[in-house]
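Here is the structure we will look at, set down as structure tokens.
Chain naming follows the written order as A, B, C and D, and within any one chain the residues start at number 1.
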Amino acid sequence: MTMTTTNDLITQTPAKRRFGGGDLIGLSVILALAVVGYFLFPTNLALLTRIIAIALLVLSLDLVTGYCGVATLGHAALFGAGAYAAGIASAHYGINDPLAMLAFGIVAGAVAGLVCGAVILRAHGLPQLVLSIALIHLFHEFANKASSWTGGSDGLSGIAPSALIGLYEFDLWGRTAYVFGVVLLALVFALLRLIVRSPFGMLCRAIKEDPVRIRSMGASPKAALMKMYVISGAVAGVGGALNAISTQVVGLDSLSFTMSAESLVMLVLGGTGSLFGALTGTIVFMFFEDVVSAANPFHWLTMVGALLIAVVLFAPKGLYGTAAAIVARRREAK
Amino acid sequence: MQPVFEVRNLKRAFGGLAVTNDVSLSMAPGDRVALIGPNGAGKTTFVNLVTGNLAPDSGEVRLGGETVTGIDAIGRVRRGLVRSFQVTRLFLDMTPAEHVALAVLQRDGRSGRLFGNFLSMPDVMDEVGQLLGKLGLRELMHRKVSEIAYGQQRLLEIAVALALKPKVLLLDEPAAGVPQSDTGRIEQALADLPADLAVLMIEHDMDLVFRFAKRVVVLAAGAIIFDGSPSDVTQDPRVREAYLGSYANASHAA
Amino acid sequence: MQTVFSIAIDALAYGMVLFVISIGLSVTMGLMRVVNLAHGAFAMIGGYIASYAARDLGLAYGFAIVLAVFGTILIAIPIERLLYRRIYGAPELTQVLMTIGITFCIIGIANYVFGPTLKTVPLPAQLQGSVDLGFRAIATHRLFAILCGLAVAAALWYAIERTAFGVKLRASVDNAAMAAALGVRTEIVYAVSFAIAVGLAAFGGVVGAELLPVEPYYALRYMVTFLVVVSVGGAGSIPGALVACLLLGGIDTTGRYLMPEFGEFFFYLAVIAIICVFPRGLAGRAKG
Amino acid sequence: MTVPGREWAVPQGGNMKRTILAALAALAMSGAAYADTIKIGVVGPFSGPFALQGKNFKAGIDAYMAVNGSKVGDDDIEIIYRDVPQADPAQSKALAQELVVREGVQYLAGFYFTPDAMAVTPLLEQANVPLVIMNAATSAIVTKSPLVVRTSFTTWQTSTPIAKVAKDAGVSKVISVVSDYGPGVDAENAFKAGFEAAGGEVVEAIRMPLATNDFSPIMQRIKDSGAEGVFAFLPSGPTTLGFVKAYNENGLKSGGIKFFAPGDLTQESDLPALGEAALGIQTTFHYAVSHVSPENKAFVEAAAKAIGNPAELSFPSVGAYDGMHVIYKMIEATGGEQDAQKAVDAVKGLSWTSPRGPVSIDPESRHITQNIYLREVAKADDGTYYNKEVQTFEKQGDPGLAALK
């Protein structure tokens, strides 16, 4: 009796909620885009790789902002920590294996996430935003001061990743870096899809809506958010490490307020609370920036501004969020 | 029987005003107690002291024989003291199934798991289905909470509380704001609560109190002025003076 | 001892300039609940207008200030009607996106119209030079900025606490629906408050131009400073903003004197400490 | 896939996809190499807070091509601009990669910020492309690759002579105040080395954060140090203005504390705003727009036309102008073939008369040897302010390279 009930329930569940379906579609979209990018812009892989690194940062930001409701303008701290860790491992310790560098990046990102989470989660709303701003400035100043380690404002150079699994060199064409990036993005995306629909992901969504209610269910919002911050740090660390490996240089900009703000803009542009939104926002923003700034660098800021205003006015849930809402409404109407 | 829930000499003052003044209360498993009192009697403060959202100036809260006064709200929930909210506090973007599943997973210490989805966890879905079925919410289990009726949301509040398998359940006006037509379902749900569960219900609706409670506690000006059977409460002169008078006035106004 | 006084004077002067420039932001953020990152952009517009009026047209300083305040309000009115009105009550992130967009646009336009170089607002003879305080000299325009700050604080306090408009404003902020039911036209109240906030921004932009010179990136360069000051004070509170400006001005100045190498650390660590102790800002109220 | 020497990447191994791709790219590449158009990729800040400097790059390049034509031999010269608004080495490298791989540029040039230039140096050999730096002023860049040539200056180069000026002015105790970032630290070290060598004493060295708005406390610190002069380095723009004003208003100027700085502080585009406040300030630099020579007259005329507003013209334009000169010489020497080493070798020891005066490329360091001028901010008859050259330090190399060793 019970068993039939359960099966019954599972078959009843709407198709889109079914486990696995969305993930496969998502992964195939990413891989398809990656292949299209490879063949459409075979000579522009360096920029595509950079987009992937930033996409990882935006995904990471989505975890805390989109899924947990934490307002932060300092998320690049996690990205920069990953980038510097991977870079320093190579430049100062001669750890040139890309996978080992990646591991350093992930750990450093997670640690930075722990530190940032411990501070940022102490307030809400506007003061929270300001805490994050103060933090990113502290990180930035710290990296500037520790110039014997980080190269300060001259940037950390001398990063020399060896061939990936001993076979593929990171060359001028940027193919290895690109494929490496695509694989990382696909892996991270798949993992995050699992996490956001896991019990923990559900808990975080609930915390975003009402942390008091969650406390009365016996769960600690703070502990859950800290955990998410660490995960988010690891993801941003992947992005940072990828950036360090592919460009072989790390600059203070990777720990900057500007980068934090830009990543937030990209996220809101695509739509918060959805991994696809994060990816959409990154790709659209970076392409827009690339095209407009190549066409007319002197006025691209005006156009980006206009784009942002237009998005708020006409696609308030972000590009992906609004599109998804329209599709859902259509489906319901049928 | 050994009390599952006990409050001893609980005191809390704001400024010079004693909002909870030397309150003691004890409940055994299976008890059905109604806590009533006029507006401003200190019910909210009392609830907050009991749940751990507010620290008492002195006194003790005991749960299953253990002192929990020094334990925070989350710890008390984990020890079996669960409350529902007077105004529903549900996650509007989530489904009833998700609500109950979250509570079940939380209770089992599985809410931090990073992999898997409750929809594919047969034991969780089983419990979710049973609980929601019992409360008549099964058809709606995959709708968003923002799309279901208020009465159904109140039932869901109860379902979430039950999913946590509490020893002591604090129901804060479970029928508040529910249209007359739907109160039957809620009363039925209350009647179906597990027999060994100690329930403390805070309620204004005297009809509901008389139908539900085996025992009534009256709180006025921060102190318990009556603790006894429903049939005696209306006879008690102090209650008549302190409570029913104002209640009558209130119902006039409404 | 002399050094202590000297630092105190510098701190006061810097704090008051911060106050003059950022108090308008406190009004929009606290009273209208808009995270207005474009505040600096309006201050910058004020600076440009004053610079144009005083330097290129040769108008008097006082007149240039008036022109800047009203000119900026005039420019801001259509922006409020078309853009800001859409984001009242919207989630913070949406407001951030919209106001950053507005800031970018204004920067781009300013760059196009006025060019990328620094613009100054020439001071009248009375405000040039320094005043000798006995133990040290202080720039006259700094004293002027201190006085302006005090005047703005007093005027705002009076307007909010003592006038009919202030009553309506506070009512609209506490409960817009109730205020509307009582016959307050909240739309107008909001529009007027926005105009006041923008006017204050422009005023601050001009008065503070000696410290924060006007150039296209003004709007982004100091955005964070304004935001930090206002939230440390507690958005919407005039005394809070005043205390925060003096406190942060003091910490900044002292830090920069004692250990300039770690100036940034002092400032931001102080910000973190204050917010951790006062999560709603120094004068913050519980959110309504 | 390892690419040997300066050869182009040739596909190896049996991976079909990769082979096709490489062939495609090689096609694009060979087109670039043998066609009549030679492309030069210029990276600089063309938008953002430093857009003015990028504008000066473009003005210098346009001026050079207006004067010398857009053809070298039979080859047309095409400039492709890429924008890196603020120091962002990763973006800079990605863009340089794109310029080389997609656009097929034979020369990379520009680069306002040191980290952006540093990021590109590892690419050069593999890409077979010389890098001509038109601004970035940290000494070490030229050591990162043998294919780097610099036509601008280094902070060491411009900051060292001012130490002698200070000593000659009878100042023996100086406090150094710099912005806390790479160039600031370079300036501090350069001045210290020069001043101590001249027998002076740097009583204190302060590094202040880049984002300093209020300089009053710093001024107080300078007063308290008991120094007779102050050496300062700040990036151009709002901070410079604030610093100079604070120097006047806090009574340092009237108190007789002398002000010494490299010319970044009084760059021409800031002078209208600095105005009266900067009057009399002495700086040493490699170029003043006011420099008197027929070459400069022709340059200023052409560059002013290119930039639109002559008041916006400043030093990056001359770095770009001379950078183009070097690139033209490289193209002549290689006959338009892509051979980075040959191109660089051809300009080693090259000397010519630049708008800034006589210059040459040091064969050893590939950095420009040039005159450094002591200038004083003066008021012209028409009420504008300019840097008036008062003393010349001839044929200055880069002392920063020696300090590296």
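The rule is short, and it goes like this: a contact is a pair of C-beta atoms (placed from the backbone, for glycine too) under 8 Å apart; a residue touches a chain by one contact, two chains touch by 3 or more.
Nothing here was measured: the structure is a model prediction, and the numbers come from that model.
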Contact-linked chain groups that survive once subunit D is dropped from view:
one piece
Interface with more contacting C-beta pairs, comparing A-B to A-D:
A-D
State, to the nearest whole Å, the distance from the C-alpha centre of subunit A to the C-alpha centre of subunit B.
41
Between subunit C and subunit D, the Cα-mean centres are separated in Å by 37
For subunit B and subunit D, let me know how many angstrom lie between their CA-based centres, rounded off.
73
Can you tell me which residues of subunit A touch two or more of the remaining chains?
141, 145, 298-299, 301
Where does subunit D touch two or more other chains at once, residue-wise?
48, 51, 180, 209
Which residues of subunit C are in contact with two or more other chains?
111, 261, 264
Each pair of chains that touches is included here, namely A-B, A-C, A-D, C-D
For the complex, which residues does subunit C have touching subunit D?
3, 6-7, 10, 13-14, 17, 111, 115-120, 130, 136-139, 142, 210-213, 215-218, 220-222, 225, 252-254, 256-257, 260-261, 263-264
Which bits of subunit C are touching subunit A when the two form their complex?
29, 35, 83, 86-87, 90, 92-94, 96-98, 100-109, 111-112, 224, 227-228, 231-232, 235, 261, 264-265, 268-269, 271-272, 275-276, 279-281, 284, 287
Quick check on the complex: what are the subunit A residues that touch subunit C?
65, 71, 119, 122-127, 129-131, 133-135, 137-138, 141, 145, 257, 261, 264-265, 268-269, 272, 298-299, 301-309, 311-313, 316
Note which residues of subunit D are touching subunit A in the complex, please.
1-3, 9, 18, 21-22, 24-25, 28, 46-48, 51, 54, 81-83, 86-91, 93-95, 97-98, 100-102, 114-115, 118-119, 121-123, 126-127, 138, 140, 144, 180-183, 185, 209
Where on subunit A is subunit B touching in the complex?
2-3, 5-6, 8-10, 12-14, 17-19, 194-195, 197-200, 202-203, 205-206, 209-210, 212-213, 215-220, 224, 227, 231
